[in-house]
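Take a look at the structures below.
Same chain, two partners: chain A is paired with chain B first, then with chain C.
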Partner chain A sequence: MSENPSNPTPAPDVADLALAEAEQTDRIDHGPGWFRILWSSRKARAGIVLLGLYVLLAILAPVIAPYRGDDTSFAPVLLPGGEHLMGTTTQGADIFSQLIWGTRVSLVVGLFGGLFATAVGLVIGLTSGYFEGTWIDDVLSLLTNVALVVPTLPLIITLMAYSEVRSIWFTILIIGIISWAGAARSKRALMITLRHRDFVTAAKFAGDRTPTIIAREILPQMTSLVAAGFFGAATGAIGAEAGLSFLGLGNTESVSWGTMLYQAQLQGALAQGLWVWLLVPGLALSGLIMALTLINFGIDLISNPHLREDG
Partner chain B sequence: MDRHASAPDDVTPILEVEDLTVRYAPKLHPALDAVDHVSFSIRPGEFVGLIGESGSGKSTLGTAVLRLTERPGSITGGTIRFDGMDITSMSQEELRPYRWRDFSTVFQSSMNALNPVVRVEDQFRDAIELHSSRRGGEVVERIKELFDLVLIDHRFIRAYPHELSGGMKQRVNLALALANDPKFVLLDEPTTGLDVVVQRSILEGVRRLQAEQGFAVLFISHDIGTVMDLSDRILVMYAGRIVEEHDTDDLLREPLHPYTKGLLGSYGDPRQETVRITYVPGRPPDLSQPLQGCPFAPRCPERIDRCLTDAPPLVEMPTTRTEGAVTALRLDAAGTWRPPRAACHVALLQRTEPGTPGLPERTVRFAGPAFEKSVGETTEALRGEVLLDVADVTKVFSSRQGLRRRETLAVDGVSFQLRRGMVTALVGQSGSGKSTLARMITGVDRPTSGSITFHGRQGPVDVGTLGGSGLRGYRSLVQMVFQDPYSSLNPNKTLEYILSRPLRNHRQMGRAELGAAIDELLERVALTPARRYRSRHAFELSGGQRQRVVIARALAAEPELIIADEPISSLDVSIRAEVLDLLQRLVADSDVGILYITHDLLSARMLADDVVVLNQGRVAEHGIAIDVIRDPQDEYTRRLLDAIPNPFADIYKP
Partner chain C sequence: MKYFLRRIGYFLLTLWAAITLNFLIPRLQPGDPAELMIRQISGRDTEIDPARIEAMRVMLGQPDGNLFEQYLAYLGQLARGDFGYSYTYFPATVTDVIGRALLWTLVLVGVTLVLSFVLGTVLGAFAAWWRNSPFDSIVTLGSTFVGTLQSFWVALLLLFVFGYVLGWFPTAGGYEASMPGLNLEFLLDAVKHSVLPAAVLMLLGPVGWVLGMRNTMILNLGEDYIRLARAKGVPDKQIALRYAARNALLPSVTGLAMALGGILGGQILIETTFDYPGLGRLMQQAASGKDYPLLQALLLFTIVGTLVANLVADMLYGVLDPRARKAA
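For the complex of A and B:
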């Protein structure tokens, strides 16, 4: 073999091997993006489409709804058909228009109530988790535990009943205040496990300060948990708003599905043959809550790859 | 037993795998064959080792053989015959009577395989009563027998799993696997994560039991040295295929596949005059991409043209042992010896057509890059100024249990000095206090008594009293290389971001300088060409590449002291030397001091000038590396030396 001078493939030297390695690295599969994972789940897909419909309805309310929700100038108790697709209420408002305009309220409450509860839960959970074992953690954990065990419904009812303002923002504030605790608990637990990871210690050695470490190293690891928490909180907020309104404790300025139910129940809608009045806001509400829950199934797939292989 | 009649000269294999393919088809990723047309067989009572880098498909093959493959994986081709019976497509219910009676296993994560709320005795009872007619007292007798086999005191029979130490749990698992006298046991990395000395004693126990009881074993491990020490025959796996099958002794004398040579090259005897360990650069191929030619070709130092185009089949190879004596051996081959097989064009051509143009020389060593250290290069005396002075340091941990306080002495009066431009190795098994010492040196913990003084360029620093901003300043001088590169790099950050943090924070670099500095760091740790790596995420890199990034990050701060805490123990053996080589070059190129923490005296010999052996928090032995290793004074040091797997011990006597 040595007598043959022509060596067609010289053994690779170190530089060649490094290049081959770089090329191999170039070809690494990045894996699907988060939206592809979400979209791959049938449930989440249905949820996204459904939620999209609601958002569209809310945005296009002025176009879709034939009348204003608070316009009571029609003949009362008209049965569905003709001018009024779903009939009119006992006060002479168009039910279909009320339903469409009500979507806005529910979505706004869901979005901001969810955001508010998530933000409070995140801040308190992260802080107490990062300072685990110190008095800061003791105080915040105590607060969280108290918030968890306080019976929420009586608390909300009391707060709402004694409040002077009855705006939608006040409702959002109250809902946010009562629903952050569970989220704070789970964020605290995750923070504690992440805080002791080597890459956090490494960031300390790299000279990063605590806020940078939390924002750049730890928070991104929590994204899917935070997102799941948000959708959970939004679902809760929408339900709570409807519940409060149904009890007559909602905002009095605008029409929501909750106030529709409240009015329908108060005016004996069924007895007057206006079952549509009672039925549609309930259906719309369940549809929206279902959409959010379905989306959360998809978010589970992002945080737990093992689930992606099931059904 | 009639089925033997057709082949009277051979024994029915206990396990026969033919053309087995296991395919992973996740929904959102491209499908890949983790096990690709694999065939092998194991005879009753045979001890077979299966080696390969992580990701080579070893464990997938192991689980498939037991029919435990889980979604998204599935067996898509081939057959598995157990004791002559085809189990490839049996239902789980049909398999149940055979499991744990005829074949059993000790898993990789066996530490968690015992039910924590059930007493050990009851777990044995379940396994024994299900598969045998033993009841009551007989079962207890059997458990006692099994505990004797694995050398555990009978009083632990009534214990709960959490009352056992890690090593004991693993031995209990082994005893459990043997409870019903199985014919075949699969050991899948059964001692990974255990202490070296404990590991040694367990594996020696396995081998003794196997010899006594005569069950067959398939032993999967990435710890090639241990596999070599124990096995009769070795299967080498690469990219889902078996690339070599060879009797252990012959394999050590004449490895056929260059990959096998690369794996073997990672071992050496630290006591020898010159220690040379090689490494296989690069990484295994991505199996979801179509492969052309031999999967090992891109990393192979012996490749020829044909390797890049044709995939070599796994064929029988004539070796030195068989050449000239083939007929004699064939006649003798009543099941005791079988010719080696390998999938390599070069090895085959070298043996069949040695005149082929372009064929490299026949070699038993891996012809790739190596890290070599001879006695001459090793320090004979310590020079350089003292960088770190650890003086009589003691650390006591106290925990409260009810009203009583319990105190644990983790580090007890340890003193040593570390000099600029030198490597001091801190050697000991787990629990010896070496990590506690590292935590104190980095300022994470404070010593209970004694002092740690760092003599940096900006004057001496008393590490034990640092807090807040002082600690931040200190950390720009002292950096850390972590054990596990999978957990010490945030998987979602780009290398650019990871490396920019210390540059910005410790060296106050602005955006303009960053780019060049990052490239320089990447080049320094051999991640070249740097521009192709800058925007990579940590999760895209292999273990070795990741560890190089971790080293680059430690270098970014231009530290005076680097603490490397077991930097190679979580890497594949085939790439360990590369990281050692890198660390060695760092010391040579700059006057940084390295504190190298390890349990492995071979790597300490390769890297360190100075060795401190720790045992139960005390210094057992301290001296120049080569003296300590070649002439250990302490019994404990000798025990650590004996625990180093050395497959070549019987072959190449010094």
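For the complex of A and C:
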């Protein structure tokens, strides 16, 4: 509000009204009203519903999936129908059950990979931006720029090849460590512009300490950027896990959609015409990524009011 | 001039950081890295061929010395272009193995990248010009939808339908092994093998260019100079092409320069699916076969390619946009 010029016109009620209105939209942007904006966009609504379905599938996996994903005790290469809704694999695993259980892997990777990358990006970006012009910023910026240009997939593959660990958490760790740079850069830029705003200076003069200022004054301004960054990072993490598993470098503990496709190609699903096995994991992946993309359209509406008009 | 010197300085700094990173990755694990890696590859108790340890030592740069001596030795090897021997292709050197795969990737990924760029940029420009028209909706929604597809899954589906079910194209490899030599027959055969991988790249490739071009062009169309041109009575076609599209092309052109550097990484997922003999499949093989000298060299190769491309993109930006030069 400090940037509002004092109104010289003799119509104080109108000015007050405008001010009150501005305050209200401000509250909508950062208060609980954000969900209303998100929900008001048809695309975002579809995304939320779709993501909700996936979450439900993951939680209810033990109820919905008839068998365990790693149970290979069935007759191999059964066609869809009967006891096995989508048939069985060459090794005799139930494809439908693998698909349902795979939802968990992708959602866990998306959630924690996204959170991890977002957190690292936020800390590095904010620190770098707050200390703009000092050696701390120089070092962190160099680090960010290196991480930004180094090709992601080759680096992840190299690190995975050196590791003997094949757990899903290790995959998440590696993906998170590598994909924070874009987020760090955008947060640094925003931090630099926000740092010199009047309300931050005011808080400084009021005697607030740096961590308090960052947490109470600056972070709330970044909510939508952080949220958009999170969904972007989650999408990237889900894709990276699928790709790694498809290359046979993923986790070996649980069946994911990427592993299903890896097994499908390895065990000759193509030559034997087992098209359901090929089709469903990729469809599930696309649906999930579509849900996250649609939600991000809605988040753009929160951060950029100009987009709201032509929805 | 200052702008260009700064860019070159920054390039050298990032190059050094990347090379050092490449040096450190194999040394992050405790113990003697050379022996550790050999043990990982050949199992705990097997007799180890001294030649293999030697190959590993060549790659690591004499792990007997302290870290700094190793680092110097490593830099010396890089300067000589000596990456040691590949395990999986022994006795071929890493340089030879990479050299054999290079052309395949350059042709396949290079050609499809340039075509994707042209197609995507043109579609994006028209979508922005006819904003909110049915054409725009189809292009934008289509790109968003295609953008959610996983490249290797599309590759698998195409391989299944056109390779196995219809049998129109070969299902693996880059050429028939029985046909060496550079003749027309071989070239036609190579083209036939690359149709499916190229189709995947051409389907997924334009997406980023479409959305990027559309967004910048819409921003440009809202600028005052466009309004002025309209007020002056400049024909629509000229505004679209000579004014808006020309300016909107700027980020895309530098983006293309950067993407061209990314070619050196190959298309790991797509090349692996089609068993295409390029750098991407080589990287996958090196990773699954724990062929560390080859893997390290490929990673370095990819990183250096991207960095050089980045430098070129920055330079290009400085030449094309005077504002960037002044800002520095």
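In this text, the second predicted complex is superposed on the first by the 278 of 311 C-alpha atoms of A that agree within 3 Å, B and C clash if a C-alpha of one lies under 4 Å from a C-alpha of the other, contacts with A are read in each partner's own complex, and residues count from 1 in each chain.
Going forward, a contact is a pair of C-beta atoms (placed from the backbone, for glycine too) under 8 Å apart; a residue touches a chain by one contact, two chains touch by 3 or more.
Keep in mind that what you see is a predicted model, and the values were worked out from it rather than measured.
Peer 1: So, does A:Asp208 touch the first partner chain B, the second partner chain C, both, or neither?
Peer 2: first
Peer 1: Is A:Thr158 touching anything from chain B or chain C once the two structures are fitted on A? First, second, both or neither.
Peer 2: It touches chain C, and chain B stays clear.
Peer 1: What is the contact status of A:Val149 with respect to chain B (first) and chain C (second): first, second, both, or neither?
Peer 2: second
Peer 1: If you stack the two complexes on chain A, which partner ends up touching A:Gly273: first (chain B), second (chain C), both, or neither?
Peer 2: second
Peer 1: Have a look at where A:Arg197 lands relative to chain B and chain C in the superposition and call it first, second, both or neither.
Peer 2: first
Peer 1: Between chain B (first) and chain C (second), which, if any, makes contact with A:Ala242: first, second, both or neither?
Peer 2: Only chain C; A:Ala242 stays clear of chain B.
Peer 1: Would you sort A:Arg36 into first (chain B), second (chain C), both or neither based on which partner it touches?
Peer 2: Only chain B is touched by A:Arg36; chain C is not.
Peer 1: What residues on chain B touch chain A, complex-wise?
Peer 2: Per the touch definition, chain B meets chain A at residues 26-30, 71-72, 281-283, 285-286, 288-289, 298-305, 307-308, 354-361, 367-369, 442, 444, 472, 475-476, 479-480, 482-484, 487-490, 492-493, 498, 501-502, 504-506, 526-529, 532-533, 536, 540-541, 545, 550, 553-554, 556-557.
Peer 1: Would you tell me which residues of chain A are touching chain B in their complex?
Peer 2: Residues in contact with chain B: 1-2, 4, 6-9, 11-12, 14-15, 17-22, 24-32, 36-37, 40, 197-199, 201-208, 216-217, 220-221, 308-309.
Peer 1: Going by the contact rule set out above, which residues of chain C touch chain A in the complex?
Peer 2: It is residues 10, 13-14, 17-18, 21, 25-26, 28-29, 40, 132, 144-145, 147-150, 152-154, 156-157, 159-160, 163-165, 171, 262, 265, 268-269, 272-273, 283-284, 286-288, 290, 292, 295-296, 298-299, 302-303, 306-307, 310 of chain C that touch chain A.
Peer 1: Would you mind writing out the residues of chain A in touch with chain C in their complex?
Peer 2: Against chain C, chain A makes touches at 142-143, 145-146, 149-151, 153-155, 157-162, 164, 239, 242-243, 246-249, 261, 264-265, 270-271, 273, 275, 278-279, 281-282, 285-287, 289-290, 293, 310.
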